């Protein structure tokens, strides 16, 4: 479904992503982990069309989408959420999601009905009329997901949607992602919370200094020497064991 | 008193004259722009009323000269503390409330201030064009085939001195460092215990003092009227944008570039169309070099 | 139908009363003020499309006003054509210019955009006031009064209805911006462009559309205004003061609301008319005094009532609703 061919993104002298190749098949739930500054969000920005890579190609469903603007990529069925949430703060939750729905649904009335359904799915129904700005962070992360879902993507990139959540919110989010995946959505998830990631992802890619240093099942990753050195640390291995 | 008009007789070496005119005009523009770049750079506020403070400075020179026969170079020393006070006052009354508001709120507030000040001048002193012409304003110096106005030389010297002084202040004093820290990251500065409100008040007051002094100095060179500031304010923004936000030395260089465009443009196209040149230059710079010719920092913050 | 009534009762009352006024009031001075209120309201509504709904604050919208005014005046005086044709020409020119400004709005944000629009209107001012052979330079153009609808040589009563039609069209366009796919998407772009892009919204195209439409509608008003007032002065039609006035009406009435620009226009235009009557004897001071008041009002509104009159009304209504809700919650508990 998504293929990255030796993608490189530089900022001045700094190479944020170096020759990363990746293959995501329909129905995958791929995790991306790595320390801060490893280039995870930059990679999302390249895939979703926010940055044009200096080298390499991004193929979505076999079509070259490298350098297309984000909205064009979204219309093909690939969208993302933002690590630092970007709600339309002065609009209601329902209006936020309606704007997402309007991408696939042209009529405003139909879009509102559609948005109500998505709001319900994401457990935001009680807050539908609240201003997005007034929501606590846990709900804003949910809104981020809801809005993206409303565009009916086939591939969804989630950028740290679990960061900053309390344990019960976290469990809810994991459940939501599982359910979406169960319904056939393909996902790529960036996450720092390893416990959640280990339970969620089928396959994990590890980035370090912009390079892909490992790929495998959660179990393989947890025992990979390079990953432990670069990111997980000994304590993690001991704790898991 | 258009500097380009000094380009006259063919016997004067045109090229040298263009160069001298550029440098002197650039000095005047730098003088006007330096306060603006300070406010812009540190407070991230676009002050649409900047030209009106310049205009008030010009009127101060005019009335001091007309009523009391005071020379503008003497008034200069009075104007700096006076406009510093005006700055403190306008900050407390007008700017303080919108310092953390959106850019749009700041635009409208300073536009409102500009409209009010312009028309206070109109009501108080009518729309007549007034002139300040002390004895030294007609002194023309001739050196090696070039002719220039003494008042321009003085304005240029003071512009350089002021820029250097502000630069040193920002670089080496504690207050200056605090101001730069606040400019870099308002929230971090607050966390570090910096009273940002005081920093902004001081920045605003210094900026207004600079432009008020500039008004006094340029009064002998131009005519004085309520909307005199408008022609300079856009120009100052060209300078500030060219030089990079909040960059004092950049502002000096930017002034020279703008002056060069004006002097050379007037020479080839006539003075009537020189404003069109500024504005086209202005839009071109904004579109193609929004971070300035020399700098990078800050433009993205403002663009957000 | 009930929804429409509930949402637009303010406009219905306002425009309904305006439609009835000429049947009762015959006073030329009053009708003249009414026409001006409507034209200023329509102009501010046009500004609101860019400045309010799209969030692109322009301080050079007088450029488009001037383009419309000059198109109508030049076509009428040089080629004896109808101002309606002049209006069409003005719209075409403004669409082209508006597209350029719209493109700039994609590259420049906030204060930079405002500054570049001022520069743009100043360029047009210089061209109009210096190009003697074509525009009669700084003397301006007197627009002849030729009776008839096609030539817009109308009496006061007819003008009220023409201006009312204009106001209704502009109000309608604003409502479209509130309650349509385009309107919702534009709100998204205004709030957060990156997020809007992620939701499949072509933010740049949409912004150009909004600014261009705003320019075209401003220019239509310019053409009407030239014909109504009968004189086009470059220093007035391209002035920064005029651009500020479009913004001022909208801000006072409520930025990004359909009724706001008209409420602001009622307030400001009446104030101006009142002051004009009061200070009629003081010749030079008059303009200055009401502009001082404008400036102060602008500062105060931005500071204390940023949502404007329309927003203030909505806030009060929401406050009442909330306290009612709270009351019912208590009753249930």
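Observations, loosely collected:
So that you can tell them apart, the chains are marked A, B and C in the order they are listed, and the count of residues begins at 1 in each.
By definition in this document, a residue touches a chain if its C-beta (ideal position, glycine included) is under 8 Å from a C-beta of that chain, and two chains touch if they have at least 3 such contacts.
This one's a predicted model, so the numbers in the text were calculated from it and none came from an experiment.
Relative to the C-alpha centre of chain B, the farthest chain centre belongs to A. Among the inter-chain contacts, the highest number of C-beta pairs connects B-C. A separation of 43 Å divides the Cα centre of chain A from that of chain C. One inter-chain figure worth recording: chain B and chain C are separated by 32 Å, centre to centre, where each centre is the mean of the chain's CA atoms. Measuring from the averaged C-alpha position of chain A to that of chain B gives a distance of 48 Å.
Listed in rising order, the residues of chain C touching chain A in the complex are 179-181, 184-185, 187-188, 191-192, 194-203.
Residue ranges on chain A touching chain C, taken from their complex, read 48-50, 69-72, 74-75, 79-82, 86-91, 95, 98-100, 102-104, 106-108, 111, 147-148, 150-151. Interface residues of chain B, counted against chain C in their complex, comprise 46, 48, 94, 97-98, 101, 103-109, 111-120, 122-123, 126-127, 230, 234, 237, 241, 272-273, 275-276, 278-280, 282-283, 286-287, 290, 302-304. Only residues 55, 57, 59, 104, 107-112, 114-116, 118-120, 122-123, 126-127, 130, 240-241, 244, 247, 251, 284-285, 287-289, 291-292, 294-299, 302-303, 306 of chain C touch chain B when the two sit together in their complex.
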